[in-house]
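Next come two complexes built around subunit A: one with subunit B, the other with subunit C.
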Partner chain A sequence: MKVKRKFFEKNDLKYTLMTVLTFVVFLMLWQVLAMNNLIVGEYTPSPSEVLEAFIFKIYNVGPDGNLLITNILTSLQISMSGFVLAVIIGVPLGLLMGWYRLLDRFVRPIFEIIRPIPAVSWIPLMIVWIGVGTEAKAVIIFLTAFIPCVLNSYTGIRQTSQALINVAKVYGASNFYTFLHVGVPSTVPMIFAGMRIALASSWSCLVAAEMLAASAGLGYMINMGRNFGRADVVVLGMIIIGFIGYIFTTVFTVIEKIVVRGGTI
Partner chain B sequence: MEQKYLTRLKISNISKSFPNKEGKRELAVDNISLDVYDGEFLVLLGPGRCGKSVLLNMIAGLMKPDEGKVVLDGEEITKPNPQMGMVFQKTGLLPWLTVMDNITFGPRQRGESKKIYTERAQKYIDMVGLTGFEKSYPYQLSGGMKQRVGIARAYTNEPKILIMDEPFGALDAQTRYSMEQEVQNIVEKDRRTIIFVTNNIEEALMLGDRIILFTNYPARIKKIYDVNISKPRDTMDRTFLMLRKEISENTDLAL
Partner chain C sequence: MKKLLAVLLVTVMLVCGCGTSGDSDGADSTEAKDEAAVSISEEELSEVWDSVKPYFEGIDALDEEVTIRYGDGVGYQLSVPIYVAWKSGALKELGVNLEWYPSASGPLRVEAIAADEIDLFGTGFGGIAIGCAQGSIKMLNYINDDSVVQKFYVKKDDPLAAADYNKAGFRGSKEDWKGREVYMQSGSTLQYLLGDSLSKIGLSLQDVTPVYMDQPNVNAAMFAGKGETWGVWNFQCYDATLEEEGFVPVIEGYDVGINLVTGYGTSEKAWSDPSIRAGIEKILEAHYAILDWMMDSDENMEFAAKALTYWGEAEGTAVPYEENLAYLQETHYYTLEENHEYFTETVENNYGTMFKALDMAMGAMDFYISQGNYQESDRKYMIEHQEDLFTAEGLEYVNSVR
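== the complex of A and B ==
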């Protein structure tokens, strides 16, 4: 029944070309402006300088003391552990809160107060509680990613169609069975939306988390670049964060499509 | 003739009210008593939003009546009972499950043996004409096919009483007509006690052995018709048309 798309259609080519063109134009414009010092401050690096920094950072540890790949892996490790923890704790909590009224009444007031507190403002407390290691940074990321995980699962399961719940009840299903087999599956698209927001924010919160005394990481590299007046390294860090975030989104969209294949009504 | 029938479901003096916008309680179902006999095709006919669905939800055990009780084979119904199958107006198929998994939801959930219920499900899938669609997902099916899945699901549960809540209300006229024929065929092959709710007079007359006509909100029984026309029925039959006229003149307008 499914119509298989051809791998590469004429339109695909057209749109790919347009995307590439956008990048080329953007980079050219940036290069010209930077070379002629037309961007505010003479200090702005041009794309070619950033590229040089990129190649330099592959083999050299200066100025921050790590190879580029070490910085990337460290950051990935921190943000992934925070994100995974947020999903493991946040999604079930949101689902249960949405389904069981009592738990909702119990947890929600506390949750609503914690929600508006920026994750970064926890940093001083974290230093006192768990020090400045990987765990502390992962916890900061966790706090950022946790909120959308809870909120989306909560809102999603509350929107479970009453008709479907009635179907389960008529066939004699218990409340918990209905929760597991009707509530949760019908919330899957919303859970994924929440996870996507969580993933994006856990990655972009990285620089702030690595302001804690870090010794490696992309955020750390940016900070060190600033301290040493290496604008090219700062911009390199920014671009790599953006690029990896983009890869995340793409991979996540593919996973989402596979999991949500049944579709909703 | 009615003496020969065994009463399966006894509804006695049930009422139900809901708070309205001003906070006062408004009656939705007003003191209804009704016997459902073994093996009959009972049609509940009433204008849209007259409280039929509330009555049905109470029969199915999804809602508690304020007064009165519903008794199935001598046992009062207080919660949903797997001995009653239900076909829903909005089909109520779980979109993430295949046709087969949707149909076997009830027995699977009760932990019955997979081999037995799959076999039973297959029998009813064949009966409603969905052979070959076992692995399809609901979004791949047409409205009529979805409703067939709903019917097969209710039958696979082997209910003593089958409740159908305006099952064809959302279908187009053509599909609706062919689904009515289909239901007649199914009932002939596998006779069960059926309570069928509709707001369509013709549909009621096509299918029903007995038609209960309801008043507009709150629902009260207005009149009971015995339809003594042999099936399959002809919509142009003289008795059919006369009954149709009579019921139609007796029906309250839904506002």
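== the complex of A and C ==
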């Protein structure tokens, strides 16, 4: 008999309180250390200064020339473009490489060479090839997010149960049909895991991408905060990147649960 | 097979070992690269160093050697005096063991001094402004006027390249500049130069499209033909390749009359340490001795240009000797007397009474505040704490012993 779960069970409440308490203790500790100049660098802002910077940036453009919301939207546009591109290209490529040996032999050596190259090192070439616009920054993000998409899809489809493949073959399914109806569905959890890593990577790569060139964005705001000695703005940018990254992960986990709710093969 | 593996292993170890030893002293990258092939011969270099040494006669050495951690860039005109004093062995003779910490910009050096990673640094206005606004530095002097090495370029087929000079001293009219895409280093003095120049023809930075990026990226975009106007600074302004590639300067800092100072800064902590302070004072003495040497004759200035050329080549930022010479000749280095005036005499301006040294920074501060980069509270802090931020103690020491 299925037991209906209470919305808030006792343990849930306990864990939520523990999480909140951790944050509160962390913030209090940070505030005390910063107020007494006990954090290395002496100029590390306190949480209250970061909060002031947050309120300031809602209505003011200094020191980077943009409102906070403009920076957030610009960064979202860049990171999402790179991420979507990485999913559209990376997931099918990984699936095909994992299923078709010939393609694997052909693509994998190039992929393995590209894989360890840091995204930042592509910047000079991107400038020459694409320029310094949104496209170039999206490509820098793409190069970071692309790797986990390919790897997880590749690994996932290679773990498809041989018994299921054999059953499909017995029933006369073609190789492509088996790939599409057995291989791909069995890989969905791994694809989602890869996409989640890619999403986090694309968001955390923002500062590097916006080093390429920018007039707005959270990475740009951090760089400008550094250039003008505004540690509070730098920390604010870092916290917002972290916070939005957390929201992304949470939303993505919910989507993942909905998509794979029916179970996989 | 075992032998082959052993040989491979030894080879790998040797290669790794060599690589490690070369990089072991990150503080002094030039030392490691001194053996690199450069166009300046050993003989010419020894002439440079020999020529410098007589200017150090009569300067007393410290009783005990002191190590000074110095942060600065590579191949900048502001760093030439200290570089020559260091590489000629003069600082060593005075009992100062200089450890050079290369860093790309003034703001980075201010971060380093605030974290007590260095004791002394050379910086342009960017570092001076941040350091003073944060209260993390103590300026000891002004080295030179940086305005000759701040320029904006366009390609020669750009209409702006053929436009007439306006009353402010740069090319183009209001219409020529409106909407123009300009690539430049973020938060740099180039931003000030552009904003100040545009304001003289009734425009602001909001009327053009500034695109901010690191200087190497500006250079990459420039030579790849991406963009339409590029801001260039330091020795790159004297790079003949720019002219060969068809780039034409349309705004030149010196011509539009901006004042951009560079200087040596330290921290309160370093300045309070008697041995570090003694070492820094010796460096200041050496700085002015080298300036005397450079200004004494054309030959010495040529020697300084050779040293700069050697330095650039050893560090992979090669600029030909002729361009380095022009670069040094056009640079105005502030004398000890000028510095003494700036750091001891005060003036009245719209913001109150202040040292001339601080007053010289007010024009740039006006601009940065108008852009929202700094706030009036930063300026107020600078004025209220000017006694701590600008000290003439080092200059007075040099005056007392010369």
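Here is the rule we go by: the second predicted complex is superposed on the first by the 259 of 265 C-alpha atoms of A that agree within 3 Å, B and C clash if a C-alpha of one lies under 4 Å from a C-alpha of the other, contacts with A are read in each partner's own complex, and residues count from 1 in each chain.
Definition applied: a residue touches a chain if its C-beta (ideal position, glycine included) is under 8 Å from a C-beta of that chain, and two chains touch if they have at least 3 such contacts.
Treat the numbers as computed from the prediction; the structure is a model and nothing was measured.
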{"item": "Touching partner for A:F228 - first (subunit B), second (subunit C), both, neither", "value": "second"}
{"item": "Touching partner for A:I123 - first (subunit B), second (subunit C), both, neither", "value": "second"}
{"item": "Subunit B versus subunit C as contact partner of A:L27, first or second or both or neither", "value": "neither"}
{"item": "More subunit A residues in contact - subunit B or subunit C", "value": "C"}
{"item": "Touching partner for A:A208 - first (subunit B), second (subunit C), both, neither", "value": "neither"}
{"item": "Touching partner for A:L51 - first (subunit B), second (subunit C), both, neither", "value": "neither"}
{"item": "Parts of subunit C lying in touch with subunit A, wherever the complex brings them together", "value": "105, 107, 110-111, 114-115, 126, 129-131, 133-134, 136, 183, 186-188, 209-214, 216-217, 220-221, 224, 226-227, 368, 371-375"}
{"item": "Of all residues in subunit A, those that touch subunit B in their complex", "value": "1, 163-164, 166-173, 177, 181-182, 185-186, 188, 262-265"}
{"item": "Subunit B residues touching subunit A - in the complex, by the definition given at the top", "value": "57, 60-62, 80-82, 84-86, 88, 90, 92, 94-97, 105-106, 109-110, 136-140, 157"}
{"item": "Residues of subunit A that touch subunit C when the two form their complex", "value": "40-43, 60-65, 123-124, 127-128, 131-132, 211-215, 220, 223-224, 226-229"}
